[in-house]
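Down below are the structures I want you to see.
One chain, subunit A, links the two complexes that follow: it is found with subunit B in the first and with subunit C in the second.
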Partner chain A sequence: MIDRVASGFHPFVIPFVAGMVFVLGYCFIGIFRILLQLPAEDRKRFFISLVTPKTILKNIRDIFCDCLFHVKLWKRNRLLGYMHSSIAFGWFMLIVLGHIEVILFLPHRIRLFYYPIFFNFFVAEADSTIQGSLLFFLMDFFLLIILSGIALAMYKRIRSRIFGMRRTARPSLMNRIGLYSLWAIFPLRLLAESFTAHISGGSFLTIPANWVFRQFLGNDLNLLPTWWAYSIVLDVFMVVLPFSRYMHIPAEMMLIPLRNAGIRVRNARKGFAKVQVLSCPNCGVCIDACPMSVDKANIKDCTVYLTRQLRRKNERRIEEISDKCLLCGKCEAVCQVGVEGPALRIQLRSERKYALSPDYSCIPDPPPAESAGEGKVLYYAGCMSRLVPSVGRSVESVFRKAGIAYEWIDRDGGVCCGRPMYLAGRLEEAEAIVRKNEAQILGYGVGTLVVSCPICYKMFKEKYDLPGIRIVHYIDYMQELLDAGRLKASRSDLCYVYHDPCELGRGMGIYEEPRRLLGRIAAITESPKNRNESICCGGSLGSLTLSFAKREKMTRAALENLYDGKADAIATACPLCLATFSRYADRPVRDIAEIVDAQTVGTITKTEAI
Partner chain B sequence: MKENVVIIGGGIAGMEAARQLLLLGYHPIVVEQKDRLGGHVGQWHRLFPDMASAQDLIRGLGEEISDANIFLETKVNSINRLRDGYQVMLSNGVNVACRSLLVASGFQLFDAARKEEYGYGVYDHVITNSDLEAWFNGKPDVRIPEVPENVGFVHCVGSRDLKAGNLECSKVCCMTAVKQAIEIKEKFPSARVWCFYMDLRLFGKKYEDFYLGAQQEYGIQFVRGRVSEVGETADGRLQVKAEDTLTGKPLRVRLDLLVLMAGMACNPEMTRLARMARLDIDSDGFLKSLDNIRSINASNRPGIFFAGACTGPKTVPETLAEARAAALDIHRYLQKGL
Partner chain C sequence: MTDFGFKLSKSSAVELDKVDTTLFERLCEASPDARICMNCGSCGATCTAGPYSGMSLRKVLLGLQRGQDVRPLLSGCMLCGKCTMVCPRGINTRNLILNLCRIYD
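This part shows the complex of A and B:
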């Protein structure tokens, strides 16, 4: 392998070099600005994480798995996973192998960073070596892999369904330019290398192509134009990259270490949120996932369009999109890069100024409970359980049967847990409510707080500071009562399909416990979309603007998913899902608390707290 | 031989129409799915505004249609179009050929358990207007305390309520609530009675007098505001929270009995009939009249007529008037054909 161009330069590399300088410069300035935008403590945490061996390993692993191998996409749909990982990993390997070639054969050229990319142009094959042909083979092999990925990508534009996607995001102009230039890069590379293969050497792909081309076209005539075209297409791709969805390639490499450092969204426009927005690859997986997109409605309100409008700074649309969402969290669950749609929206809502601010001073401070709950369990039913009183009553009845001494804190009404205000982005108001409740709950002097509403549960777990108090959803508590033998269960002859409530499932990661509890007392069957892909009932408190008529459609669509030939009834563990589903369901809807109450008898006569 | 007219539904609309058709010289065939005639009114106790006995009304009508052919516990299995009429197949095996049909299938009482926040079927002392009438008629009800001290009435349960799927006003419940509140007060003079309403729609003859009387003579409390929630206290009483929108203050009362004024919802049987006979359904879910002003009794199919609450909520006198009008329409239709 010898140097063919004595100067080591040819003008056709200029577009590529220009594009590369531009994109690297843009990214470096971007990284710098984002680091500056981070709150000081987050920045510190980020730097510490970069030198902590554990997070370094995690970062490397995540970058390889997510950015190159697209493991999550493979899990979703193999064809989709292959398409993405073939392009990403193949391209990565071409760059790595290019560098190896330069290091092995032309080590004095290593400082010229265009050499690995245009290696075949700059070398002539004087003698064939094992290393050389192996490298050429690998280069052709990975090029073929990429080309197969590109072919799939083209086919996906026509029929996305075979990739498991019913709808994809409409590409914007910049995205189209980026897309077409990306498609063009690798066929042009094949052409350029094929036209050069009789000089530089090649392998199973480029040498036969070279032979074919030589029959019809003068090779040396086409040699330069194809290298120019290859370089120009690379330039176009890199120049549009910062303004298109392809920005996700560099942004995701920043997002992963930031996320692994434990940084959270605190401002919707700057810092971590900005990296998330730039990391959105516009794949549109969230469109099919979004419960609002039933009947092809509200497609433009999905997270993929939120990130797009945030980049365009279209304030009117940003407000519409952030207010409409149900905050069910499904887009986040299916997102391949981990864009936190709900968190972004809550922060955007918090930017809003309100003319009136509720004043909670009218709520009297709770009378000092004077440790009235000592030796008891505290039960907080929450506002939603008032809509469906049967839930609170069932929990109470189970307590009685199991001989649990309890205090029902909001039996006669109480203060809301604060989550509706939090979801509406009114963080200060939520905080005020939280403080009111904290004071009251601590006053009781209990060790356990049982909650029956997942909305409250998430709020209590994440936003409350209740030292020494164990916060538990009744699902876990009732399981414990059964385990401890305080209740004796008989099996129901009904078969239930369990609906995962958003806040309990995606919100708190509780998927198995309800199934285990329900499974003890009844037969269960699963719906097609369950666990973290469960469909929001449509009643969510998250949305500020969705009309009732639109919610009705969503509820009906979510019910369709639950209608199973085997299921006699629907079970859930959220009073809001219960109230919403009961309106339209063609079969009974029950809260697990009600089912447990109906299927158990107590074995204990002495009343105590456990 | 007298000509057959099939009447679907043996409530007051069907009975009154049958009576008129008998007088006009036809042979009415009344098809009723329950085991008795009279429908909802047959279970009522007294009727406003003169506190007339519902039982007397039904008895009177029943005596006058004793010559009609009445099939109880019978459903319509199918309705087929013939060249100049219909063939109606009944679940008891009878086939009737007729040129004209009257649909008087009425309404269904809104299932109050669907408004879960009011706790019907959950709390021990929550009943509906219909349960209360049954109790007035002598049917024992454990949910009604021996001597209730505080009684509440919730208006518009399942009416004018988007979330309950029924936007329409059920027309009669305001007045029924006033009437039942008075009756409760007459039975338990020491009880305090509360009516929670959105707004009172007292449009009929003497309704306003009734309402004023309820306030002045009986001291019934009318609270403008919807009930937000019903809870149960540790001693098993009901705690009702509402907002008094006239004073702008939240309100909390403890009650021994809560009566839900369940509204009129579409009858699923009516929807089934409409599909069988290809009748149009209006946007409110009830049957669609050919014209809501001029021909409220006429349907989109020749020879099929409507009477009563199958086309929307109606009061008793309105239903009776419609039944008479429908009988006349049927008479004219059949005369023209001869």
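This part shows the complex of A and C:
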């Protein structure tokens, strides 16, 4: 390989260089601003994580797996995974190989950063070496991989179904310019390198193409225009990048270290949230996942549109989108980037000003500790249980049979756990409810608090300060009672399909325990969408604006997923799911507590606490 | 005044012509549902805050139409959403309460 252009420069590189300088400058200023926006404590945490070997390794691994190989997409749909990783990894390899070529053959040019990109233009092949032809082969190989990815991307625009996606987000103007320039980059690169292949050398793609072109375009005049075109589309792509979804490429590389540093969303517009929003490539996977999307009118309220509107600062739409969502967390569970749709929305809701704030001084403080609770178990059924009293009754009956000494704190009505208030974005008001409840619970002086509602459970676990009290969901508690032999179970002859409640499954990561407990007393089958892809029952308190009538469609769609040929009945572990499903289901819906109660007898006669 | 051993209680009649219902009208703009309430009282019966602040959405809506101060009732609401689930008219009561808290002056 020898230098073909003595000066090492040709004007056609100018558009590329300009685009590159622009995009790098933009990103550096962006990183700087984001770091300034982070709360001081988070910033410190981030810097510390950048020098901690464990997080460094994790960052590198995550960047490779998520940004280049798109491992999560592969798991979703192989074709979709191939499409994204072929372009991302292929492009990465072209850049890396380009640098290797320059280092090997023209080491004095390595300071010119456009050399690796336009290498074939600047060299002439003097002699062919093994290294050289291997590199040329790899270059053509990865170019072919990328081109196959681009071909798939074009096909996806026409027919998204083969990628397992029923609906995709409509691209905006900037996104379309970005998309078309991205599509054009690699065919133009192939053309440019093919026209040059008789000078620079090439491999299995470029040499035959060069031979074909020379048959009817027999002179070198075509060489320059294609290199110009290649450089110009690169420039267009880089100039629209910050204003299009392709911003996700640099943003995700920032998001991964921030997330690995343990930073959380505290403000929906700045800092970490901003990086999340920029990291969304508008892939649209969250549209099909979202339970609201059964109604076409709601598609524009999915998380992909939230990130888009946040970038456009369209306040009216931001408010609509953040208020409608059920906060079921499914978009977050399927998102390959890790955009926290629900957390962003709660923060957006919390920006709202209310003229009237609640005042809970009307709730009396608990009577002085009677110490009656010592050694007992406290049961908190949650306010929803007033609508489905059978859950509380079943838990109580199980306690009695197992001989557990218990107190039922809200048998005659009590205070809400505060999570519905929290979900509505009224964070301080929720805090006030939490403090009221803490005082009430601590007043009993118990060591164990059993709850039956996953919504309460999540709130208790995450937001309550109850020193010395173990908080358990009855699922775990009943399992323990069975293990300890305090209950004897018989098997039901019904077959149940288990519905994962959002707050218990995605919310608290409890998927196996309910299945284990239910499996001891009945046969279970699985629905097509289960565990972290379970479909919200539609009753969620997360949504502020969805009307009762609109929710019906979602409930029916969720039920449709549960109607399995084998299942005689539906089992769940959330009073809200129970109430919502019972309204429309064509078969019985039961809370696991009710099933356990029906299938067990006590083995202990003396009442005591464990 | 001479003490006769009894007194007349204040009239509880509501003079609808004199009542200021602007707040109710503003609420109806934000939540048109407010008009379709049929005062069944289901919301009050399930209300978590009822035992503490006397909250009942039925009373709040009636109170607003009578120009009364409903803040003491309303301030106990914990947004638990049970009233929404039981309302036979399908009113999105929770959103209605939030809207009311937003415009109350």
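The definition used in the following text is that the second predicted complex is superposed on the first by the 607 of 610 C-alpha atoms of A that agree within 3 Å, B and C clash if a C-alpha of one lies under 4 Å from a C-alpha of the other, contacts with A are read in each partner's own complex, and residues count from 1 in each chain.
Just so it is clear, a residue touches a chain if its C-beta (ideal position, glycine included) is under 8 Å from a C-beta of that chain, and two chains touch if they have at least 3 such contacts.
What you see is a predicted model; the values in this text were computed from it and never measured.
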Following superposition onto subunit A, is the placement of subunit B relative to subunit C best described as a clash or a fit? clash
By the touch definition at the top of the document, which applies to A:S582: first (subunit B), second (subunit C), both, or neither? first
Regarding the shared-chain residue A:F548, is it in contact with subunit B (first), subunit C (second), both, or neither? both
Based on the superposed arrangement, let me know which partner A:P389 touches: subunit B (first), subunit C (second), both, or neither? first
With both complexes superposed on chain A, which partner does A:I363 reach: first (subunit B), second (subunit C), both or neither? second
In the overlay, answer first, second, both or neither for which of subunit B and subunit C A:G413 touches. both
Which holds for A:M254: it touches subunit B only (first), subunit C only (second), both, or neither? neither
Tell me which touches more residues of subunit A here: subunit C or subunit B. C
Set intersection of subunit A contacts, subunit C complex versus subunit B complex: 386-387, 413, 548, 579
Which of the residues in subunit A end up touching subunit B in this complex? 386-390, 393, 411-413, 548, 578-579, 582-584
For the subunit C and subunit A complex, residues of the former touching the latter: 46, 48, 50-53, 71, 74-82, 84-87, 90-92, 94-95, 98, 100-105
Touching residues of subunit A toward subunit C in the complex: what are they? 323, 352-360, 362-364, 383-384, 386-387, 413-416, 418, 420-421, 424, 426, 433, 539, 541, 544-549, 579
Touching subunit A in the complex: which residues of subunit B? 114, 116-117, 119, 122-123, 162-165, 229-234, 239, 241, 252
